[in-house]
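In what follows, subunit A forms one complex with subunit B and a second complex with subunit C.
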Partner chain A sequence: MAVFMDLNVLFSADRKRMQSLIETAAHLGFSTVAINYVFEPTAKKKQEVPSPMPINELIGQLPVVQGRSRPIRVLNRLTVVMSEASHFRPNATEYRAFDLLAVQPTTEKLFHTTCMLCDVDIICISVTEKLPFFFKRAPINGAIDRGVVFELSYASALRDTTMRCYTIANSVCLMESCKGKNIILSSAAEKALELRGPYDITNLGVLFGLSDADSKEAVSSTCRAVLLHAETRKTASGIVYTMKSQQEVLEDSAGSEAPESQKRPKTPGEWGFGRGRTHS
Partner chain B sequence: MVRVKSRYLLCEINVSDRSELLKLDDRAVARAVKAAVARTHGDYGSALCSMRFCVKYLNAHTGIVFLRFPKGCYKLLWSALPFITSIESRGQIISCFFNCLHVGGTIRTCQRFLIRYNTQQLHRMLPKCKNEEEKKQIQESILSCSLMGRNNEAFEDELESEEDGE
Partner chain C sequence: MCSQAAENEMESRMKPDGEKTEPPGYQRVVLKNASPHHYLKVRLLLEDESTRVSAVELKRFIISCLRGLHGEVGAALEVDVLKYDEETLSALLRVHSRGLVKLWSSLTLQGSYQNQACAFRVLQRDAAYSRSRSRS
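Right, the complex of A and B next:
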């Protein structure tokens, strides 16, 4: 059985609502959920990038996924709505706090640059308005080669008829160019009642112009590919990465009781090789 | 012998407040499905939906429904189900959504799946028990549904009453 994921659940400060959202997602059988923080920079004043709430603070105990014995995995994700090229800063330290990074370009030029150059995981396709530009084959192929995926969200399609028209039209338009590859379907739900079961989403994908197999992949294996891609973004191609060694953390927590001579010289991290985590 | 083939969709109606489920009846569900199909697929959809569609079974306690669709077009009709956001029943609007659990060719396979699914729900419920009595009740019902050779109907009723009590 495939593992289903929903990589877009809108963040709200209301704890109760978040909790019921996560619980419903676990009940429906999603084993990974990403909480989405939308950041929309405006030209006039400088805005702070939102910082993610710690997950254990937001949701007390994680519910167990339907049909499995493991609790649900909750990630953080940032979506930057881009109307100018300067809005996305590739090396911003604020972005590092998030597990996934998404971009929603609003013009054709920006779409081209994000597909070809920007170091992101997900490119959101707007579904709440008529397509602002035409999808060209070249940038989409470039994005597929780089492993970036396109995201379609269905929650707005559930709300009213015009949005449904736009969602279906935009998605069918996109499918003409990308032929069902590198697409993820996600909810963008604000309330628990806007989530849908994974099998329903798969069938909804058929309405959006995907084939049966592709739409199943859009909720399962492509999402997994996104997570792996996000990992390579954080690390050096997924081969080398730094982490604080366990021992050091322990000593730090022990505080000044440990004699100065036994303390190891402080390094920012320890180098680990290979994809497995190294513990000293 | 040739028989007319259908597909049975085993769906779960999810609501935010479980007590609202008791207000549902099968005619209201059928009306909601037909309206959703008409909205998404227009006249063609409603024509297909009028052929052999019916609500075979509704369990108002657990919110389980069996929907029967003609085999040829069940995918098309199914794709309208996610667009249901509310059901109007006896003048009240219940906001809910459909979650499809299983697609079967006969009612019997669906029933078998449902029994397995309900057992799974009981297992999920077990760690959430607050007192010993509840725990014992659920343990008993888990044991009773793994016991073969009993009348299916009987222990399905038992499951219902159990989930009702939660």
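Right, the complex of A and C next:
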């Protein structure tokens, strides 16, 4: 059975609002949601990358997903809005705390570099403005080959008719180049009433220019591929990963955090052999 | 209309001899041809839950949703409100199968009703009327 995911629910400090959002998502049948922290660096002053709030602190008891009788899974996701190439730092330790990493490039050149080079999971397509550049085939094919996905969000289309025009226009424009592959549809909702059910979104995908099968994949299996891709970013291609053994954590609990480079072995005791997953 | 007659027939089949029998958990309906109509069971959620919406207002709102997204072509779609419950704001809509995507997408993309946030929740979608009835 397909498992539905909504990989973009905007973070707000209001606990009550977050709780109602996640409860609604579980009620609608989403088995995974990702709380999105947007980070928009400006040239003038240096800003701190937001740190994710622990899930159990944000919501006490996780609600049960309708029809699946198991609690909803909540992840953290960071979106970096890029207007300069230096805004995305590939090896920043702040990014490690997040499960998913997304970028939103604002110029054509940045779009090209993020598609071809940046080690991210999701590339957000702007839906609130007229597209400032034309999608070229080369970067999009490069991104598809690397397993990076493009994200379209629909919540802004609910707020305003002009936004709705831009959302549909930009998505149809994107579909021309990527042919419905590696697309995810997510909400970017701030309020519970801005969320829609998974089958509603599937139907909306048809309006955005996806085929029936592709639009169902856009809320289910492509999202799963994103999660697996995110796992490969943290590990050595998802096959080998490092973890601290329990003793070491006790010994240097006041000491350093996670090992600097996860691909370099430190001591044999630190290696754990992975779950045999290869990324799809 | 012939489809109306078929519905009445199905309805009478559901309740034999006016006696209240427990409806079966499922019913197998085989459609020889593609069904001409689709049935949507929807519920309107409003920010202010005390707002009353009459059946006429609902129909007008649905048509304005269609006009908003699909223009005149959308407004020309034949949508029927077969049943409507004012208490729960849930309705059973019938639409031509060809217009299903248009109706559904315009309901999905509607975010406000009379300057307050709203959402249509599609509870059920079916090609056969009897199935949308029996699972209610």
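The rule we apply is simple: the second predicted complex is superposed on the first by the 251 of 280 C-alpha atoms of A that agree within 3 Å, B and C clash if a C-alpha of one lies under 4 Å from a C-alpha of the other, contacts with A are read in each partner's own complex, and residues count from 1 in each chain.
By our rule, a residue touches a chain if its C-beta (ideal position, glycine included) is under 8 Å from a C-beta of that chain, and two chains touch if they have at least 3 such contacts.
Keep in mind that this is a model prediction, so the values were computed, not measured.
Looking at the shared chain after the overlay, A:Phe133 reaches neither subunit B nor subunit C.
More subunit A residues lie in contact with B than with the other chain of the pair subunit B and subunit C.
In the superposition on chain A, A:Asn203 makes contact with both subunit B and subunit C. Contacts of A:Ser20 after superposition: subunit B is touched, whereas subunit C is not reached. When the two complexes are overlaid on their common chain A, residue A:Val64 makes contact with subunit B while staying clear of subunit C. The residues of subunit A shared by its contacts with subunit B and with subunit C are 28, 154, 157-158, 161, 164, 193-197, 199-201, 203-204, 206-207.
Across the complex, subunit B is touched by residues 20, 24, 27-28, 64, 66-67, 154, 157-158, 161, 164, 192-197, 199-201, 203-204, 206-207 of subunit A. Residues 45, 47, 68-69, 101, 104-105, 107-112, 117-119, 121-122, 125 of subunit C are the ones that touch subunit A when the two sit in their complex. Those residues of subunit B lying in contact with subunit A across their complex are 12, 14-16, 39-40, 75, 78-79, 81-83, 85, 95-101, 103, 120, 124, 127.
Those residues of subunit A that touch subunit C in the shared complex are 28, 154, 157-159, 161, 164, 191, 193-197, 199-201, 203-204, 206-207.
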